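As written, the chains take the letters A, B, C and D, and residue 1 is the first residue of each chain.
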Amino acid sequence: MTQPRALMTAQEMIELMEKVFPQALAFGFTIDEVEARRVVISLPTQQEHLRPGGTVSGPTMMTLADTAMWLAVLAAIGPVALAVTTNLNINFLRRPSPGPINAEARIFKLGTRLAVGDVSLRSEGQEDLIAHATLTYSIPPPEKRGLPVA
Amino acid sequence: MTQPRALMTAQEMIELMEKVFPQALAFGFTIDEVEARRVVISLPTQQEHLRPGGTVSGPTMMTLADTAMWLAVLAAIGPVALAVTTNLNINFLRRPSPGPINAEARIFKLGTRLAVGDVSLRSEGQEDLIAHATLTYSIPPPEKRGLPVA
Amino acid sequence: MTQPRALMTAQEMIELMEKVFPQALAFGFTIDEVEARRVVISLPTQQEHLRPGGTVSGPTMMTLADTAMWLAVLAAIGPVALAVTTNLNINFLRRPSPGPINAEARIFKLGTRLAVGDVSLRSEGQEDLIAHATLTYSIPPPEKRGLPVA
Amino acid sequence: MTQPRALMTAQEMIELMEKVFPQALAFGFTIDEVEARRVVISLPTQQEHLRPGGTVSGPTMMTLADTAMWLAVLAAIGPVALAVTTNLNINFLRRPSPGPINAEARIFKLGTRLAVGDVSLRSEGQEDLIAHATLTYSIPPPEKRGLPVA
């Protein structure tokens, strides 16, 4: 079986976000790996991401998981900026260690209307999961995939 | 059956966040209602919360849901800042209308170690849900509830 | 606003199950209330539904929740037997009391392709939830809604 | 790092179910692999598991996922029959092929009070997932782990 190729590169993803979704870029993550059904991104955690007890906040980890899956969907179907999350389920498992957090998104199923996958979050260099999410993205029909760009 | 009373007021919640969690306050929401097992908060949506297509981003709604449930847990058990989310499941249902978003959190179960509830998100003044979340919070044992305040 | 009417009665639901899904009926529940966006069913719990400790098993409650939502979808869209669950999330909250269990399904959103709602499970006559589920059903496109009946 | 060993064998799990949970055994599955943090079981699907359209029912897959994770918890902590599911989230991805279904449970986190993991369901011999579940089990404190056996 031939492995499918990713339909966008990391650089093309960054350029897409600059045009249509600069807030996503402002979150401050890097794109580490892009494959046809798998994307890994990292977030250097900063003061603004912390919550009481000095740990990374839940919303920061949810945003990271959602972003990783959005990019994995883009890698799988190309620059369809309007793909939107319909369901996200996340379990917070361990307190992260200080330092960057990696989020590895994998796609389980890529249908014509829905993409489903999971995201594993780890403190950089560690094997244990700090959180695990499953997400469903809705893929717009072809006639509605145009980008809201000038 | 006597209805239990909320263990914190909206004002006390704001003062707690000022001390231990200023990032939560910086998110920009208001606390509209506080009851023993129910809290309603609102977010005036701004440019920074938007995503492609002009709609409020998923992470913004997740953060709002998580914040509403955290405050509902505080209303139920008092100022235990270290309560943390262990599970969040959210369904995104409709595109929000322009304007503020209301999040109504209700607690289904308040145990000694876990609190479980749901959050209904609506565009202000409308009945239809734009998103619905269920959350589990872990409540620290009494000896670990001290606040990390100076 | 005129309230929509249910597109099937309880009796019609039972006849549909007799024809296309006798295993569902064999589960042994009764249909108590049918509205356009809400259905209540009940299960008299029996020895076969129990698990260690004498409590009703998780799979029994999941089956009850799934059945209640399936019937709520039928009430909303008519006899489309091929509607299938795509996501189910359930929190188990309290040990049920002996006796029947009620499951109240409500639909949050009825789209052309997806229906999303929740199910509240209670021991009969009690207010506290014993479990709470949210479900998404996929609705087949009109040309695939034919029933597999003789 | 030394890999931990499973605290029960497949044969010991079967004997435990014969004593305290015969309904689980009546479900008809086999235990294929047992490791310290991973268990694989299989279900030969039969007429009673089917739903309209000839596919395996959602409740059958939920029961299989729940059973696989329960056994993975037993492998990890020993014969604590009273461990109970507190949360289950499942996505149904593809229609199963005819024939047995495999369920592979892995534990992400084993705490003193909670175990969290996921279950991947596949039609035997195929790589694509037909369903994916994440589950949380509550582990009773040591003084309440006694089995309800004669």
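We take it that contacts are C-beta pairs under 8 Å (C-beta built on N, C-alpha and C of every residue); 3 or more make two chains touch, one makes a residue touch a chain.
Keep in mind the model is a prediction, meaning the values are calculated, not measured.
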- line: Looking at Cα centroids only, farthest away from chain D lies chain B
Statement: By C-beta contact count, B-C versus A-C, the higher one is B-C
Message: Nearest whole angstrom, what separates the Cα centre of chain A from the Cα centre of chain B?
response: 24
Query: Between chain A and chain C, what is the gap in Å from one C-alpha centre to the other?
result: 34
Task: Would you kindly tell me how far, in whole Å, the mean C-alpha position of chain C lies from that of chain B?
output: 29
Query: Out of chain D, which residues touch more than one other chain, so two or more?
result: 86-87, 89, 91, 136
Field: chain B residues within the chain A interface of the complex
entry: 20-21, 23-24, 48-55, 57-59, 62-63, 66, 81-82, 84-92, 147-148
- prompt: Considering the complex alone, what residue numbers of chain C touch chain B?
  reply: 87, 89, 91, 93-94, 108-109, 116, 118, 128-129, 132, 134, 136
For the chain C and chain A complex, residues of the former touching the latter: 86-87, 89, 113-114, 136
